[in-house]
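Here chain A shows up in two complexes: once beside chain B, once beside chain C.
On to the complex of A and B.
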């Protein structure tokens, strides 16, 4: 359904070129959930912005049902804007405080069609019901709701124009633990019920493992490892994925955290290290790592990792 | 006992009413022990931490009752001048969540790490400089001699939190309050700060109160955990007991609500509803409205039930 083909995004700044995204490819089948994971500054949100047409790729192409969204005809593009909706991290910032909830939900509908008053009200009540809010919520303002309820409103707004693909950018990281589970369950129910496809941006690996069917681990603008979520988490092949998983503090006092797996700091996308960008932090780095960018290597069906270590052992 | 808090009540006097942010909290911390104060936003964990330092919102926040004893001395009885001279930054230090806001962008990090040492007359001149270098070494800032004149923006997020830690431990405090010290950091940097805090504790034998919403971070750092809900501690226990045998329905629900790495459940067990307002909280158990085990007696305040081995929980179900 959605395909990224070697997309790049470079920002020119006074201090040099920031290589935010550097040749990222992935494909997302219909009804699938692809998670983009990585640490701050890795480019995952930039990728989401390009999918949402908020940024234009510097190179490569994003294809929706096989069509490049950069060269889509006007009508198809208008339909794309309806068929792809987004839920953002902070429901305090993403809802206009001056608009009533009904109006907030109506906006994406009115951008694409001109339903009558009654039909519009009916649709608003419908999506509020889907997210578990009463129809009366439409008359209230965002400040009258808690954080979890606001995120439900943001989900209702995204659902209103009947999208097929939803971009979820850290949809629960601003919420409390007990509310998070409510919203995650809701998102899963909606996906099952309406056959939605999800592209989720997240930094919480336990959440990603729970929520997604496939995953792409991004480090400094490149895919380090990607594949079906189960195998990637059970048998991570890239040292960065291994380091990320080892660094997650588990709610288990018997679990020993490993600090050794990723020494030092994340480099700047302004001056990325040569070759494999992870090599200065990698416990397994050897001569090939700073010399050249490791190509993606298939380690199993649909599971790829971009690491020189794998090239060596499989050569 | 290093820190002994009894029946602490801290209220916020707001225009819309009196908010009972901390409502009868008792806890203790021994030397070289880390106590985790775990809870969701608004549960009162940060207000408890700020009460220990008497750093409450000016005008609105007041300690209404209870005692806070540090090495036996009641801090609630001290004057503001005594708190500033003897306690704050000297015997109790604090690390806050966001190192970007707890460091001043217009002073060099050398000046900022030196400030508490200067304020408390611990060192001056060349001795001060060597102490600053020494404490920066202890938090593993590389070549601190060359970096004293650098400013916060010249450091990464993880290094900034190390500098904040250096400011906190410079005066060799007895107790460190760390309020979400790793929440703003990426996971591979977070693990570095977690081991730094462990090392600082081993070196100095100081007590730590770790305030966090992250049950993973708490498990990796704490010896004991106190779970807060709606201004009160609902359960307290050694770390293993909290995770392996949680007794309070809220603790159980919280642990069931988090997705776990290497688990396969498709659905999380959500906690219905939301916490009560602390302006007019319910008379009885504050979790009752969301609790799957609710009974009639929950309308009365629940007793704190001693479960043995330092494990206790405030719940009617356990009293039966």
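On to the complex of A and C.
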């Protein structure tokens, strides 16, 4: 349904070119869920912005049902803007404080169709019901709700124009831990019920493991490892994925964080390290690493990892 | 033994409608008086504001020695009734404020929104214009315009609009630049909402606070600006009456007859302060987050 083909995004700044995204490819089948994970600053949100047409790729193409979204004809573009909706991270910034909830939810509907007053009210009540809020919520302002409720409103708003693809940019990371599960379950129920496709941006691996069918681990604008969630989590092949998984805290007092954990900070996208961008932090780095960028290597069906170690062992 | 707790009967009181509770009545009153005088014309004045009576000149306010109830706030150097002149002068002040604030606010808000939202070349052009405008001293601008146009009410308004639109534009531009990065604006763009709708529904209501504050702050500045222009002879001309002109005329009697300059000064102060208080209240009323407090 959604395909990214070697998309790049470079920002020119006074201090040089920031290579936020560098040749990322993925494909997301209908009704699938793809999670983009990585540290902050790795370019995952930029990818989401390009899918949402808030940013233009510097290179490569994003295709929706085989059609490049950058060169879509007007009508298809208009349809794309209805069929693809978004839920953003911060429910305090994503709802206009000046508008009543009903008006907020009506907005994406009214951008594409002109239902009558009664029909509109009915649809607002419907989506509010789907996210578990009473119809009376439509008359209130956003500030009268808690963070979790606001995120439900944001989900209701995204659902209102009956989309097919939802881009979820860290949908629960701004919420209290206690209500994250509720919101995630809600999103999963909605996906099952309406057959939605999800592109989710996350940094929380535990969340990704339960929520998405496939995962792409991004490091400094490049895909380090990608594949179906099960194999990637069970048998991570890229040292970065291994480090991320090793860093996930377990509710076990005897659990010791392993050595594999990546040392230091993520490098700057302004001056990325040569070759494999991960090599300065990698415990297994060897001569080939700073020399060239490792190409993606298929380790199993649909499971790829970009690491020189894999090249060596398979050579 | 049962303890009886005295419960006071709820006092039956006629409640005001919610939106009027806590309104600044005094500020309302002052501004109403100014507005009534502004539209009421000469008929409601206690005395002829231009009636010369040199025999009755320099009469102090009624409470001072030699004061008279016929001239509550005293008379000026030509024996004209000061209260009548202040009330008559409110007309000019109200007209100048209304037009100057309306036009500079609208032009500034439009320019600021365009520059902030569209950025790029629109922003660059508008910002250069603003910088050019702000580098010209407003008094010099007034001199040029007065030479070209004839000093008077229209010139005063044009000068104030030309001086202040850039002030609005700059502040609104900054505000819009922050707002357009908000996720609700991003969401609207993602959902395919048109640019005019985004500007009107998402940006305008959120800069309204700022506009109201700027406008009420400007009331005082406009009155004083009109006063300095009239003082320099570039603004309102005799026999028209304005508060600024009254201050200018009274300047030379500041040591001998204090009330000549104090009375219009108090009028200016009360009006400015009332406008600011009203603006604060209005801002709180218009903000749904503060409305329920």
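Just so it is clear, the second predicted complex is superposed on the first by the 313 of 315 C-alpha atoms of A that agree within 3 Å, B and C clash if a C-alpha of one lies under 4 Å from a C-alpha of the other, contacts with A are read in each partner's own complex, and residues count from 1 in each chain.
What we mean here is this: contacts are C-beta pairs under 8 Å (C-beta built on N, C-alpha and C of every residue); 3 or more make two chains touch, one makes a residue touch a chain.
Please read these numbers as outputs of a predicted model, since none were measured by experiment.
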For the three-chain model obtained by superposing on chain A, do chain B and chain C clash or fit?
fit
For A:205, select first, second, both or neither according to whether it touches chain B, chain C, the two together, or no partner.
first
Which holds for A:143: it touches chain B only (first), chain C only (second), both, or neither?
second
Going by the contact rule set out at the top, does A:116 touch chain B (first), chain C (second), both, or neither?
neither
Going by the contact rule set out at the top, does A:90 touch chain B (first), chain C (second), both, or neither?
second
See if chain A has more residues touched by chain B or by chain C, and give me that chain.
B
Touch check for A:73: first (chain B), second (chain C), both, or neither?
neither
Once the shared chain is lined up, is A:52 touching chain B (first), chain C (second), both, or neither of them?
second
First (chain B), second (chain C), both or neither: which does A:265 touch?
first
Superposition result for chain B with chain C: lowest C-alpha separation, Å, rounded to 9
Doubly contacted chain A residues - partners chain C and chain B:
none
Chain A contact footprint on chain C (complex, rising order)
182-184, 186-194, 197, 201-202, 205-206, 288-289
For the complex, give me every residue of chain A touching chain B.
39-40, 146, 148, 176-182, 184-185, 188, 203-207, 209-211, 233-234, 243-255, 257-259, 261-262, 265-266, 281
Touch list for chain A against partner chain C, complex:
52-54, 78, 81-82, 84-86, 88-90, 93-99, 104, 107-108, 111-112, 141, 143, 154, 157, 161
What residues of chain B sit close enough to touch chain A in their complex?
40-41, 156, 158-159, 186-192, 194-195, 213-220, 239-240, 243-244, 253-255, 257-263, 265-272, 274
